[in-house]
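This report concerns only the one structure given below.
Every chain is named by a letter (A, B, C, D, E, F and G) in the order it is written, and numbering of its residues begins at 1.
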Amino acid sequence: MNRWSSALPDDALVQRIGDRFGAGLQESSDFRGDLSVVVKPEVVVDLARYLKAEEGFDYLLYATAVDWPARDPRFTVVWEVRSLAKQARIRIKTTTAMPDPHVPSLTSVWPAASWHERETWDLFGIKFDGHPDLRRILMPPNWEGFPLRKDYVSFGEPVIFSDQKLEGLEPDAIRG
Amino acid sequence: MTLELIVITLIKTAIVVLGLLTGFAYLTLFERKVQARLQQRPGPNRVGPFGLLQPAADGLKLFFKSSSAPAGRDHFLYLLAPAISVIAALASFAIIPVSGPGDLNLFGHRIGWYVMNVNIGILWYLAVTSFGVYGIFLAGYASNSKYSMLGALRSSAQMISYEMALGLSLVPVFILAGSLRLVDIVNAQRTWWFIVPLLPAFFLYLIAGIAETNRAPFDLPEAETELVAGYHTEYSGMRFALFFMAEYINMIIVSSIATVVFLGGWWGPFGILPGPWWFLLKVVVLLYVYVWLRATLPRMRYDRLMALGWKSLLPLSLTMMMVTAVVFVAAQGKA
Amino acid sequence: MVKNDVRTQESFGPEHEPEAEWMELNMGPHHPSTHGVLRVRLKLDGEIVRDADADIGYLHTGFEKSFEDKTYTQGITFSDRMDYLAPPINNVGFVGAVEKLIGVEVPPRAQAIRVIMMELARVASHELWLGTTGLDLGVYSGFFYAWRDRDLALDLNEAYSGVRMMTSFTRVGGVAWDLPDGWLEQLQRFIDVMPSRIDDFESMLTNNPIWRQRTEGVGVISGEDAIEAGVTGPVLRASGVNYDVRKAFPYCGYEQYDFEVPVGKNGDCYDRYRVRVAEMRQSLRILQQAVDSLPGGPWLTSDRKVALPPRSELSKSMEAVIHQFRLVSEGFKGPVGDVYAFVESPRGELGFYLVSDGTNKPYRMKVRPPSFCNLQSLRKLVEGVLVADVIAIMGSLDFILGDCDR
Amino acid sequence: MVVAFAILAAWELVTAAGVVGFRRPIYNALSLVANMLGLAVLFLILNAQFLFAAQLIVYAGAVMVLFVFIIALLNPVSDVSLGRTGNEWIYGLVFGVIFAALLGGLLVNRGLTGRQGTATPEAISAVGNVQAVGAALYTKFLFPVEVTSVLLLIAAVGAVYLAMRRIR
Amino acid sequence: MNIDLSGIGLDYGTILPELIVVGTAIAVLTLDLLLPVARRRWLPAVTVVGLLAALVASLPLWGQNRSAFGDTVVGDSLAAFFNVLLIVITILTVLISPRFLRAFDLDYGEYYILLLGATAGMMLLAAATSLMTIFLSIELLSISLYVLSGFARAAQRSQESALKYLLLGGFATGFLLYGMALIYGATGSTTLRGIAAMVTAGSGASGNVLLLLGIGFLSVGLAFKASAAPFHMWTPDVYEGAPTIVTTFMSVATKSAAFAAIGRVFIATFPSLATRWYFPLALIAIFSLFIGNLVAITQDNLKRMLAYSGIAHAGYILLGVLPGTAVGFSASVFYIAAYAVMNFGAFAVVTALGAGGEQTADINYWRGLFYRRPFLATVMTIFMLSLAGIPPTVGFFAKLFVFQALVNAQIWAPLVVAVVMTIVSFYYYLRVVVMMLATPDEAVAEKPRVGISTSGVLGAAALATIALGVFPTTVLDWASHAASLHF
Amino acid sequence: MAVREVLMGPVYILRALYTTFKHNRRPIVTIEYPEMQKAVPPRARGKHILHRYADGLEKCVGCELCAIACPVGCIVVEAAENTPENRVSPGERYAKRYEINLLRCIYCGMCEEACPYDAITMGPRYDLADDHPDKFIAVKEDMLEPLSASVGDTAVPSGAPSAQPVARKW
Amino acid sequence: MGELKLRPAPFPTGRAAGPTPLNALGDNVLTTTLDKVINWGRSSAIWPALFGLACCAIEMMGAVGPRQDISRFGSELFRASPRQSDLLIVSGRVAIKMVPVIRQVYDQMPEPKWVIAMGACASSAGMFNNYAIVQSVDKIIPVDIYLPGCPPRPEALLDAVIKLQRKIRGEPLVKRPA
């Protein structure tokens, strides 16, 4: 059996979320045992509060985003939370569009989201409304651009081979 | 004061200074080697036979290293500080009698086994080291760096605090010996070394002495992981070497005084070795303890360190002093 | 000591200085105790830390961007270099996500080899932690003993994979190589010798009053706070929360092994030390069981869509050569979807969130690094402690900047 | 001896001038340290070895270190230069000159006549310097020594009170 | 070598009062550590009990002449007189302290410890017969008072006054010590007896520059402690800034102790040099009278006014020393006792009002006090009249005796100044009385009561002021006996 | 402070001291590197080796799989047709140019795994430090097995240090 | 941004021994002998800066460990203060954010000083051909010895140190058997 699908799916959970948030819940999926819900940005915080308070999802795993340049809205923002007691996991997704991508912050519900959201801001340029300390975390503060966007060119240098050897710069390693 | 006396003193001073400098150099190698052995590795062994030229290489390198100095330093004090440290360290050794009994007869001159045999004895050491604090403090101050300053503050506070316990732990010895003169103290240990009746005082002295020299587990001023390199963070080249020198010479001096005061100085059982060799042997054993402790123990936290000094060592030294005095007086009364 | 007197030791010294006069001390990024290149800006009131702002990113390497350019197989080499103290665990986590996405069966022998390598890595990582944290707190020899013992584990890595650290030993659907001859005996010697080496450490540290002074009651975090802060791994377990991925969501056949999850009580640095030492012993237990019950059979899945053919077939079968060409040049494609797979690294839960758009490369690979999440709690931990304690606390968190910054 | 005294006297004068003359507080304090060092050596050439050690240990080694501590702590980065404000220095100069003239005049006219005490170098060396000091402290000056202990106790209470952080 | 203690005169009876006071301080220190905060009120009680014991222990010294501990301290009538005086002042201070301290949130045990330390220092100063002891006791009282001045740590004024006091006091101590060193150099002795013997025996004493310079510096140091002009600069600032209760204590007690020492030094030790020290001392007295009285007129702040008046009174007391005779000094001693009672009373009124949370400093506050606080205003009036020297209060007789001594010694110039200045002083003392009698501007508000112990202390002080004025002879006899200094 | 700490503290400290002291009896574990060298395992991933068949022909056929598999892209292969007069490898093509930038290489072994003909394997050498980046561009001749030494298709070249620590001269 | 330029030249290296006080005296028998002695001292007492970056730092520690024991060469004194160190081992990838720090550390080191670029990342960015990593540390500071490997084994670091010692002494880096 495939041991990696270890979250215990709780079908009724999606049902309950649907009952509660109605049209706020746009989509739900269960791929390889991973439960995801796509909700409208407006209900993210309410959903989070509900999940934490009533369903016992006490542990935030990570927050991140995925850039789909072809889609509209372009960015999918993902938070994944876990209930340590129930051993259940759920992925909360929402979407946001260019030119000013922003979603509500979940730091008020799970403080652990703070750095993850900062990182997402840093690498994707997605603003988290209500985040207390939204500044760059991994890149230098004066960095321009958001590296993990698909249209960001990851400039580097080509590997050097013998045809690019520097002429006339052969160092005189053997002194004297 | 005759000319002869002056010349002899100068010659003795030169010998002691040279000896201490060599001792410092080889103490660094000794430390590296001993520590290496405790850690199942050979230590420096490629520079000269058994690595014996390693100190020379280190010294040569440091001597010809250009000195980079921090911006915004206090020029005069920055240069003065290492000099103070080293001078204080070197001067301390003047009182220590290396051997005896009696003087050395050489070419018709009677020469004592010491640079000077003053009647204030240990007080000379305490006075000179208390001056050595300035070297460390000014180094931190003049460097214009937060880490240096913190290291200097810690170090000076630590040295001042532990000087008390250091001095007081020696008082029982004075009571027993009835003199501050180190030669008299050693002579009083002809039959019984003072470590036998005064074992607690010996340990108090050892702990305070280790703290006084800023060595592990009390090496907070130079705690690499906290303060980079403490007060000498901003020193390089030869000036840095001077601080190193001062620290190691101080180790030698603390060990020497412990030898003289508690371990019977040049007296050894069965008289199988001449006096200086006994002295050297005891000093080396104590230095081994220094290195051994450093290899083993975690560093203490600063507040605990001060608490240990003020709340444990000082009262214990005082108690030891009083107990010794009472017992001594009682024994005298009986006799 | 008069305990309930109001004027205890803490009440000495001047009144709280106003915030404007707090001294700002910059630790790092080049500081001996930051285990790499972390920068912590401390606000000091005397020697008391009032606030700490951890500035990370000095080792930001762009892994997540690089993953997007590489095929799944090539990505394995990248996963090694994130948490460079436990590369095998990263390898397993990475291929775990891919395997989950594609749905590949892994043969039992491969599972067991993975477990062995992971537990070896755990022991090696904790050894290194002991050595460096000990060195931070001044236990000079401990560092060398730790390295002596860690070298034994790295020798095993080397004998198996050819390199000491960056093994890259997993492949999707199994592992790259079978165990070499004599390797199990070497492992057995390792398992036999390690307990006494750990005992040596414990006799140096566990009851040492100075060590206890430095660690006991320092950097306390309660279980609830730890969960709130997103902490995992030994740090969480030291706070009394019994959560270990290996027990809670067994993978690679961990459910077959009999081991305990060490849990602390107070959540201070001392408990973290105890938990890690106990974990080393438990890892040795798992290793022993894995050696005893190592299954035979293939070490790589026979699914030719994802796994290279065995080398012996290459010279015989043209089909195998074609597979080889296709797999190396194109790799394999995954279905559209997103999965999250996670393993227990020495630092906590290491997760890989993999988004696939159906090509042969990850569309997006987000790593949930345990160091990142644990380091987030630093601010909470250091508030009100002395500067010297910051060293102990940072050491006890056992963060790896490569893991944290990616 | 006379040469040594002359050198020391010059040293004392120079350092004393430094105490008041330097513009940066840390140099003032360090001049004072140097001055005390010279004073200690003066004690030494007066055969007062114990006082020499005490002077160094207590004043140079402990008291002045704290002075330097505080000065350095107050302005670790850049020293506050003591500017000359107003014209107080005129008063200082006037009084100094008057005092010096007075002293000099008296010195020249009448001479300062002191009285030799009982503690001659011979008497001291008969029992030993430290022993002589100890005996004096614990016989002749027993009561002042005890008063000193009370003084230190009260001073300690006062210092603790002023420095203590109160939690009610 | 063996230490032989037989020759130095171990006589604990001589210093028993001081021992008890110091012992009480240590007891309070221990109690302060052990007692819970709620039981702090035990501390003043213990202090008072200890002081009373010391008072009793002082009485046997009356009429004695017990020189002890190698001539460093003496137990005689002067010591006994000042012991009693100082202990009474301290007891009175302690009695009015708790209310004041609680009002300003200064209710810490260290207050009583420092107070006892200062008292011990003063008592010792009165009994000291060695330069070492004089110096140490002055330091003991000074250090206690430095801290007490800054006792209100939160108040900047208090801190400032403590710093000023410390710096200037340190300066004065420097003079004192330098003078002592010179005297020792000239005479080779540290005990007053030894110095006196040397001075009387040596023929060239009056021409010994070393000695004279020493005496000069010594008198500077002592004058500073007695806050006599021109060494008074610290007085107004410190009196104003320090907590009023501390001012109350030190304005009275310090001066008393300082004059005891002045008497011992000048009258008992250097009588043969009287011609030498007469002129500078007279100058100091006249200076004090001038500055104290004239500047006091301009003061609108009552505490500063009282401070300057204190300077003036130092001048009056010093006048009694000028004749260099026991008779003259007995007038001074009587004046000290009188001054202690009335000045303590005046400050105690300020303290009592201040403890009620009122801003007493400005003179305008006192307008119409009679209508608000009839009792306090009445006693204040008595103290003011007495300070001014109006019969039948004790202040009148104190001045009278001093003037009489001057007349007997044929010392005219200072006398004239003193009389004139006494008349000048009427202005500012009576100004306060007039102010208090004036009609208040606003309606009378109900004020908190001052408490039994405070009222009792004030009443006792007022009664004493009047009673001593009516029957001055007994105390004068005691003062004469105390002032008959002999070693 | 607990009583246990006060009473037992020195004992525990002595125990820690004994623990370090007893290492004096244990053997020195250092392998003194330039003269001695730890055995390099058969799977060692050091400097690459291009192999030959026993008859001296190169195994590499210039298929570029290694270059494709390399996560770093530090391999460049240019193939050329074998001609009868210049036969370099048994197959149709051979690697005319085969370069690896050893400085850039991460020694992961993907090339080894990708090669269908065992033409490239990872060798045992790791003492590659030098003082200019250009000196690390290994061309084919740098990596090719010496002619005489090629023995069959073993993965362990004969130039490897043996599996025991032996004295080694440079 | 995405344009790939031909690489610029690295900093010139080959400062074999750094300046010595004797350089000014010109070459003669005495100074060359003295130079040799000084260079012997320098090469025998190389104190590295305690400066670890990433994976290679772990193997750098490994070189200090008892198995390899860099102390045999007199180089175990890792100094925390750059002012007291002679050798900067850039052990690992250098992020853009780290550049000023490394430059500062290098500048604080007193002459003569040497740099070993340890591992593929420091020498040439290795596998991290992307936006975050400095493509070879020799763009920031001059490098004396490049050490390939990912990470290099501790023995390889020892080899690099030995080669650096040779470089300081002015000997050929790679001695081939004759």
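FYI, contacts are C-beta pairs under 8 Å (C-beta built on N, C-alpha and C of every residue); 3 or more make two chains touch, one makes a residue touch a chain.
Nothing here was measured: the structure is a model prediction, and the numbers come from that model.
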On a CA-centroid basis, which chain has its centre farthest from chain A's?
E
Comparing each chain's Cα average against the average over all protein Cα atoms, the nearest is chain B
Rounded to a whole Å, what is the gap between the Cα centroids of chain F and chain G?
22
Between chain B and chain G, centroid-to-centroid distance (C-alpha), Å:
37
Provide the C-alpha centroid distance between chain A and chain D, rounded to the nearest whole angstrom.
70
Calculate how many whole Å lie between the centre of chain D and the centre of chain G, each centre taken as the average of the chain's C-alpha atoms.
54
Shared-interface residues of chain C (touching two or more other chains) are 6, 31-32, 57, 60, 62, 65-66, 77-78, 141, 144-145, 148, 163, 166, 204-205, 208, 210, 405
Could you tell me which residues belong to chain A and also touch two or more other chains?
138-140, 147, 152, 154, 159-160, 166, 169, 171, 173
Got the chain F residues that touch at least 2 other chains?
13, 16, 19-20, 23, 28-30, 32, 71-73, 101, 104, 106-108, 130-133
Help me check something: in the complex, which residues belonging to chain G touch chain B?
19-21, 37-38, 40-42, 44-45, 50, 66, 69, 71-74, 76, 79-81, 83-84, 86, 108-112
Under the touch definition given earlier, write down the residues of chain A that touch chain C in their complex.
2-7, 31-32, 34, 36, 58-62, 64, 66-67, 78, 80, 84, 87, 89, 91, 110-116, 119, 123, 136-140, 147-148, 152, 154
Of all residues in chain E, those that touch chain D in their complex:
1, 3-5, 7-8, 15, 22, 25-26, 29, 37, 68-70, 72-73, 108, 110, 113-114, 117, 120-121, 124, 130, 132-133, 136-137, 139-140, 143-144, 146-147, 150-151, 153, 185-188, 198, 204, 207-210, 213
Where on chain G does chain F make contact in their complex?
10, 13-14, 66-69, 72, 116, 120, 123-127, 129, 136, 138, 144-150, 152-153, 155-156, 158-160, 162-163, 167, 173-177
Interface with chain C, chain G side, in the complex: residues 50-55, 57-59, 61-62, 64-67, 80, 82, 92-93, 95, 97-98, 101, 105, 127-133, 150-151, 153
